[in-house]
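Let me begin by presenting the structure, written as structure tokens, before commenting on it.
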Amino acid sequence: MSITHYLTLAIALFSIGLIGVVLRRNLLVAFMSIELMLNGANLSFIAFSRYLGDMQGQMAAFFIVILAAAEAAVGLAIIVLLFRRQGSVQSSVFQNLKDKVGV
Amino acid sequence: MTILFYILSALAVLSAVAVISFRQPVYSALSLVVTLFSLAGLYLTLHAEFLAIIQILTYAGAILILFIFIIMLLNLNKDELKEQTPALWRRIVLALLGGFLFAGLWWGVKKLSGDSAKLTEGFGSIASSGKLLFTEYVLAFEISGILLTVALIGALVLAKRRLNYLPEEKN
Amino acid sequence: MVLAWIILLPLLGALINGYHALSCRLRQQKVIHGMVNFVGVGLPFVAFLIALSQGIPFILGAEEPIRENLFSWISVGSLHIEAGLYLDRLSTLMVLIITGVGTLIHLYSIGYMKGDSGYAKYFAYLNLFLTSMLILVLGDNLLLLFLGWEGVGLCSYLLIGFWFEDKAKAQAGKKAFIVNRIGDVGFLLGIFALGVLLLPGAGENAVIFNFEYIESQIGLITVSKVFWLSAPFIITLFLFVGATGKSAQIPLYVWLPDAMAGPTPVSALIHAATMVTAGVYMIARMDFLFDVAPETLHIIAIIGASTALFAALIAMVQTDIKKVLAYSTVSQLGYMFLAMGVGAYAYGVFHLMTHAFFKACLFLGSGSVIHAMSGEQDIRKMGGLKKALPITSMTFLIATMTIAGLPPFAAFFSKDHILWKTYSHGHPILWVMGLLAAFGTAFYMFRLYILTFTGKSRVSEEAKAHLHESPFNMTFALIVLAVLSAVAGFLGLPEVLGGHDWIAHWLHLGSNAAEAHGASHSHTMELLLMGVSVAVATFAILLAFVLYRNGLEGPNKRARAMRPLHNLLTNKFYVDEIYDACVVRPIYYLSQSILFTVIDRKLIDEVLVNRSGRFLAWLGSCVSRIQNGFVNRYAFCFLLAFALMLGIWVFN
Amino acid sequence: MFNFFDQNILNFVIWTPLLGALLLLTIPQKQNLWIKRIALMTVSLTFLFSLHLVCYFKSSSGYQFEIFRPWIPAIGAYYALGVDGFSLWLVLLATLLMPIAVLFSMGSIKEKEKSFYFNLLILETAMLGTLCALDVFLFYLFWEAMLIPMYFLIGIFGHGRKVYAAIKFFIFTLIGSVLMLLAIVYLRQEAEGSFLLDHWSLLALSPQVQGVLFAAFALAFAIKVPLFPLHTWLPDAHTEAPTAGSMILAGVLLKMGTYGFVRFAIPLFPDALLVAKPWIATLAVVGIVYGALVAMVQKDMKRLVAYSSISHLGFVMLGLMALTPQAVTGATYQMVNHGLTSAGLFLMVGMLYDRTHTRLIADYGGIAKQVPLYTFVFLILTFASIALPGTNSFVGEFLILSGSLKELPYQTILATLGVIFGAVYMLWMVERVFFGPLKKDSLKGLKDMNWREVLCVLPIILLVVWMGVKPNFFLSKIEIATQTLTETVQQNQLAKQSLKLQK
């Protein structure tokens, strides 16, 4: 299978993830779609590494996975905090950064 | 080989769509697991055994478990979970936008021709990856270690903080 | 440097008295009357002596004027203005009048202003006035003349508003200054027009505003144009506008009657003898310029005659003793301008001199009457004061006969010369107006005399209690002035009556053309007209006697009979009200509600400044609505931007 | 040692106030006596230095006391300073008014003195720098630097709607100067990367380009002069500023606009000037009449004097536009006169404000009896401001009007109307405030001027009389500069006409 197939899949995953982030109100799901985007990127790395015969792609993918782990930990901690504070994880609740119109 | 690719990629796409469309976060978490597994399979077809294992171990194993754990921990009550489905027009617009995005990137990608390069022996295996990790990328490896510990402490400090005020009552 | 001393002495007096007044006022001390009198009266008297010493050679026939160049005032590029003094026959006459009558009036005001709190301040202002008037008369160029011109305007402002506690008096001062200022603007425009004409042609260090230099350039001026009109006409017209402002002619005379708010000696000095004659002096000084502008002369004659008649009519019904004299001054000034208008400059100046004497005497007389009546100025509450104030009434009578134009006295000769010159220079209508004005003058003056001094006494009881004749220092001035006004006439004895008309030949103002033109008429006509004017005067006097001999009942009845005319006259033809309605109020309204509130507040401040500020704020706010705190909204923006970039990348 | 001092006298003059300001910073806030002493010493020292300028000012054309050092070679900006006929007297005016302002505010500013005097000293450095800068970049730097201290002076130490006034003042001037910055940048590129004024005056620009550049410069300076439609910031800034602030604002800052015209707009763009002359002159004359009329109806004394400044500066602009030697010399002279008289009037109103804390004319009446000395000084300043002959303004006004009657006849005639209205509003105000019966018994206890206030006003009164009676000492120095200006402008205009003829 040529690289375009894999890349197409990567793009698909990435777009779906992106839409997910924008669409879903629930922070957790948004967070998961971010993971999805990351995986899409990982896939493209590995596809290139396979077709260029160079291990570097895989190394990058490996570090991305580590990064994803760290990011997930901190992200979830924040979500827990938010939940404790507001009692819900709906993004519509956290709006106090709103610009007070016409100050 | 190609059938395997198609099955796995279809599976991945479908479960990805499922992730963002299920109303219950638990179900989307599970469908995410499916996506990760299908991706691991794809990694195998790309001779990246080491990464396939890593994928399953960390991603599916650790991160998703963490997600589910958090969901259970917050034991969100029923109505809280069932957020109202976003308005129809929003979904259509986003779908269109996503499609446009996909088309744009695909247009860029499809120009990429290129036959697969000849692979060296033991390409993508754990041994070669390990060797590389500890020779060329040793600095990055160590730093990622530190990164993880920092993230660990960060998460602990954030989550552990005893809120000195009660969360407002949900109206 | 002798001439400079004539100016410096009163200035010194003003500074000393001024400093003394201010320091006493600050330290709450009593003013030392002796010192103030000595400085205030002494210095002008010394100036008079110097003026006399400088003037005698001229009186004895010297021709060559004395010039003194003090310092260069302004010199920019080719424009040089020197501060120089110039004494010739005309200015000798003027200086003698100013310092002479001035010193007399200073002497008089010692008695008049005795109890006043601002005694030293009064003398400081009076001395300052003398200084500026002397600068006006002695200045050798138009700009120094203008310096004196506005200086006297300033002093009249200070002196009219001397008792500034009283609102009306302060406003009268302000009115005088502003009306003068309107005239001065015309004067300034005349100077500028002259400057524009003479500057390009001026040599390296030519002093273009000097009278002699202007006279030498008269050829250039007559031929050149200013804004498509002939230059002499425009310049002289502008200068005449200045003169009407200062010498209270028709359009700008309204300030003089209100100027009576000042102390009486001030009215005598400023509003009778000296300041108001500044316009006449200016025309006499620039006679060469006015000769080449016949149209302006014609205008001057018309305005002069109409002012004379107009003021005489109003004076007939005034009840305030000083208002009557004020309007009589306006009408006598009308005569002077009439004389100037017909080209008889010398006779204008002659009338100026005689007027200075008898009008000062009249004002000082009225001053001592007011002084005796402790401030009462309404002639309806006077009467029969002859017995109580013998000297004042005698001098007042002499001055009244003079102004009426009875033969032996001065005004008969000067006024008759003017009437004769008007007639002989072919202005019969103006002559008739002059005659009517003479009739009016005789009538209101004798009406005034009769009502105040003779007949039944209408004085209120407590006023009658301390009716007293003024002290010697006041009556001395009255006597001197009365004698002068009686004798001065013989200076201008016309040929037809055997005299050789000394004053006209001595001053020899104006080109001889005007002179020659008059000689053609026969002497008999001159005698005839003289007879007519005397007859008219005597008839007016008799009429006044008949009407007012026994008090006011008769005239009041008649006044009620012709009510509309009487009201018109008493309200001064409503001129003040007209000015107020069509000049003052519209300008105030224009600036208050249109210029300030609409343009400044609304248009510029509101619309342009605040409104644009608010528009930007509104613009800002609608952009800020995008950031409504929704995390998804921000993600959406990323997506949009990403898509946009992708689109751009894809399509080119 | 002396010629070192003589060489960079301008450095001494400009930077001493800054040193004083920095010195002030070192003193703690509560030692306000020392703060006042140091402030007064610095400004008096600056004044002494500037006297040196006058004594050694040779009456030769071109700039004197020049200092020339490369400053930022990368962008071609030089540290070039110099003084000529135009800027000499304005520098003197600034250094004279500053000690008076400091001396007066020692009595009236009671709290936050340190920041007040700090701002005042920085303002003085900026003003002097603007006047002496020959490098346009340096000029622009000082030009903008002037705004900030003034903004704080009005904003913090003002009264009433002080913040609104400060912001309005700041933004008005800023808009103008931003456009000017564009023009400066363009011109720098035209003159091959040099900001020096001498290089710029050699440029031959096409009329259209000149037109645009002139418009940019003219707008910036017109706002500062306040020409008619752009003047609404002035009354607010003046009424809300503290006495010292409005003195300096009226005394010197307004002159920056007209000085800018004389230094930059007129010499650099002669052809555009030819076109714009009638328009600006008309605007100036409208300003004269409008300023006078609106001043008549003002209820607040300071606002009245502010509008009168608009009227007086209209005369200066008329003189500048007429471009004859007399008119331009008169205009420059009138800048100094107006500086003195309006600063004096603000000083007097400030004194009244310190006593009764109200500036409304209606609150006063008949105070002449209570405060004779104050009335005497006020009357002198009033008659100086309505240009009575013998005072300084008359010389200026006479030169302006006689110089510009030939070039701009209709405008000049309308301008002389302004003289009448000038007398009207000033005398009406004097009458309502000073004469008439004593309105309120609260005014009974009004104290007369103390020695400090007399000391403040004395130099102004002496100068007003001296400059009115013997102006030649001042005019001779201005005259040379105007000679060179009018000749250069005439040459360029003639050159262009002869060019057109050949086409």
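As written, the chains take the letters A, B, C and D, and residue 1 is the first residue of each chain.
The definition used in the following text is that a contact is a pair of C-beta atoms (placed from the backbone, for glycine too) under 8 Å apart; a residue touches a chain by one contact, two chains touch by 3 or more.
None of these values were measured; they are calculated from a predicted model.
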Chain centre (avg CA) closest to assembly CA average -> D
Please tell me whether A-C or C-D has the greater number of C-beta pairs in contact.
C-D
Chain centre separation in whole Å, for chain C relative to chain A (CA means):
97
Measuring centre to centre with CA averages, how many angstrom lie between chain C and chain D?
37
Inter-chain centre distance, chain B versus chain C - centres from mean C-alpha coordinates, in Å:
103
Could you grab the centroid distance between chain A and chain B? Build each centroid from C-alpha atoms only and quote it in angstrom.
7
What residues in chain A touch two or more of the other chains?
18, 22-25
For chain C, what residues touch not just one other chain but two or more?
639, 642
Show the residues in chain B shared as contacts by 2 or more other chains, in ascending order.
94, 97, 101, 105
Here the pairs of chains that touch are A-B, A-C, B-C, C-D
In their complex, what parts of chain D are in touch with chain C?
168, 229, 231-232, 290, 293-294, 296-298, 325-326, 329-330, 366, 368-369, 372-373, 376, 383, 388-390, 395, 398-399, 401-402, 405-406, 409, 412-413, 416-417, 419-420, 423-424, 427-428, 430-431, 434-438, 448, 469-472, 475-476, 479, 482-483
Going by the contact rule set out above, which residues of chain B touch chain A in the complex?
1-2, 5, 9, 12-13, 16-17, 19-20, 25, 28-29, 32, 35-36, 39, 42-43, 45-48, 50-51, 54-55, 58-59, 62-63, 66-67, 70-71, 73-74, 76, 80-81, 83, 86, 90-91, 94-95, 97-99, 101-102, 105-106, 109-110, 112-120, 123-124, 128-129, 132-133, 136-137, 140, 144, 147-148, 150-152, 154-156, 158-159, 161, 163, 167-170
Which residues of chain A touch chain B in their complex?
1-9, 11-20, 22-26, 28-29, 31-33, 35-36, 39, 42-43, 46-47, 49-53, 55, 58-59, 61-63, 65-74, 76-81, 83-90
Residue numbers of chain A touching chain C in their complex, please.
18, 21-25, 27, 30, 91-92, 94-99, 101-102
Contact set on chain C toward chain B in their complex:
639-640, 642-643, 646-647, 649-650
